[in-house]
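Chain nomenclature is as follows: A, B and C, assigned in order of appearance, with residue numbering initiated at 1 for each chain independently.
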């Protein structure tokens, strides 16, 4: 393989198509990721609380929900959401992008709920007992005593989930949703310069994930010292 | 909980962009037409690919896209291209997500069993003609089937080309190497995993146009007319629509449109950005 | 009929953990102003008994009357009753994310018993009493074990409880810190605070108790005034226990 030519091609692709990678691709990827993780986190809190519910039936369904989502490939879930759900629930006349975003959000919620649950369970049981014995309700205990302590473990894990999801959104390119991997797919489809486009795409993903993982690391260090 | 749902929906709607799921009426105030949803896998120049200088529905170009536009116009419907991977295209048809898929499908018995298939359409000599591409310095070597003795030849899995290599080159001493998609194949060719790739000539031209170290050889396979032509994938049992499509295909053939579309597609694929010539939905030169 | 003199009364209390029958029908009464210590071998049910009193453990059978109300009944808002029962744990369980002052004021303010200012005023007063006033805005992580336990006691007192429950309050402490915590408890009971204290400190039990309960094998085997109990044990089980710990 001619490395010089590869480099020349990379420069050519970048000069001609940087906006396709950066403007459309990166923006869509970030949008999808934020959507998936932020809404996934909100949904994840609900799922985590339900998972710790006293009702066996609720726990059964929530456990099934979590296990099914964590036990099947994301691509499969995307396919189901994209092809099946819009027809089952035609009331929600969302476009493809939104269905994919919802699928990612639901996927994320299962992982986030486990992050929350393990974060909450990492707080010593004695803290809950102390708060309850003082006469605080279970809600007050969760909000004032358990959550503030759990958040130390939860936030870095959420940061890592964000980084994971940023990469996972690439699967949405199956539907040419416009994310960074879609940018790669359309550029390589038009130019047949696959390696060159892959290198550019990989570099951009890295430019997004590396600072994020450094940020998470710094936060973790700060929390440890706090 | 309600607030959460409301927030989710607001966010979801704010993300909405015009795509094949949404049925927003046309902006110009004309009465909303029924839409014809067509799945394509736009990563295969010159049959279907993305014009990188454009966005939205306009960005999808190529022979199959021209055909899709023509079919929609004949039916009096608004065309909506639903881009997705080649595998997903088939699922989209079988689940009824789209009305049909026009994405360079060829005939296989399994497809015939699970889908309605249209009549063949003819993309042009360049799509019918099957050749091999090779690195420029090797291209002159390959002139006849005999010249592939002891040579590794790549072909996309489950493709017409795979069958051609198997039938015509392997008996003469060539070795078949399979790859999953054409871009990977091109990469492997450059890396030296094999010396040649069997491709449709039009596809080979597009590859060579962007990869100066690759050339199309003079060798051509012998092909059976019926086998290599493309067809449109429709949902099993959609007989009425299939019949309608077949009539439109016949009309396009009689009007001699195939060659015209193909020439346009090749031109778009050959020049990288295609910034100078592009067509809007009515077939007029835009920009 | 409720005797206003009885603060806590248990009737036929049963509790099991799996196959382990930890409480086997405990009937006990704690009177107002009374200081009751509970002693006995590990696994005898002392801590479980204490934790049942404010329903940190829910008994399978039996009733618990707190100031005349059967708190094991459905529909009882246990939170309101717990606000009148202070509890101190073996492992302190101070809130590590809140400073000393907030540890104390959080509950009175949240339960709307006191305004922020009133609560802080009281926190200062209480901290003064236990010698921790200079730690007012310290984080608990910087406190020693003895200081943490004193803070935990003050935190419970801030709710102005009618009874205090101590669950082995000195067991997790380094020996040199046991004294400072016991002194605080002594002061407290001298001031008339009704208390139930689970402890391994026999001398302390003898000194502060109005009544001692010896618990073993899931029930109260022997009870009485401390002097009678320790000088004149009745049951072989209690004699055996005393011979080991004294």
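Operating definition for what follows: a residue touches a chain if its C-beta (ideal position, glycine included) is under 8 Å from a C-beta of that chain, and two chains touch if they have at least 3 such contacts.
Everything numeric in this text was worked out from a predicted model, so none of it was measured.
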Next on the checklist: Let me spell it out: compute each chain's centre from its C-alpha atoms, then which one is farthest from chain C's centre?
Outcome noted: B
Checklist outcome for this item: By C-alpha centres, the chain nearest the middle of everything shown is A
Checklist entry - Looking at every pair of chains, which two share the most C-beta contact pairs? => result A-B
Checklist outcome for this item: chain A to chain C, mean C-alpha position gap in Å, rounds to 47
Item to check | Cα-centroid distance, chain A relative to chain B, in whole angstrom | outcome: 32
Checklist entry - When the C-alpha atoms of chain B and chain C are each averaged to a single point, how far apart are the two points in Å? => result 78
Checklist entry - Out of chain B, which residues touch more than one other chain, so two or more? => result none
Checklist outcome for this item: Per the touch rule above, chain A residues touching chain B in the complex are 1-2, 5, 16-17, 20, 24, 31, 35, 39, 42-43, 46, 79, 82-84, 86-87, 93-99, 101-102, 105, 173-176, 185-195
Checklist entry - Inside the complex, what are the residues of chain A that reach chain C? => result 124, 126-127, 129-137, 140, 144-145, 148-149
Next on the checklist: Under the stated contact criterion, what part of chain B meets chain A in this complex?
Outcome noted: 1, 4, 7-8, 11-13, 15-23, 42-45, 49-52, 55, 59, 82-85, 88, 91-92, 95-97, 182-184, 186-187, 190-192, 206-207, 210-213, 269, 272-273
Checklist entry - Which residues of chain C touch chain A in the complex? => result 54, 56, 79-87, 89, 91, 93-97, 106-107, 110-111, 152, 155-156, 159, 165
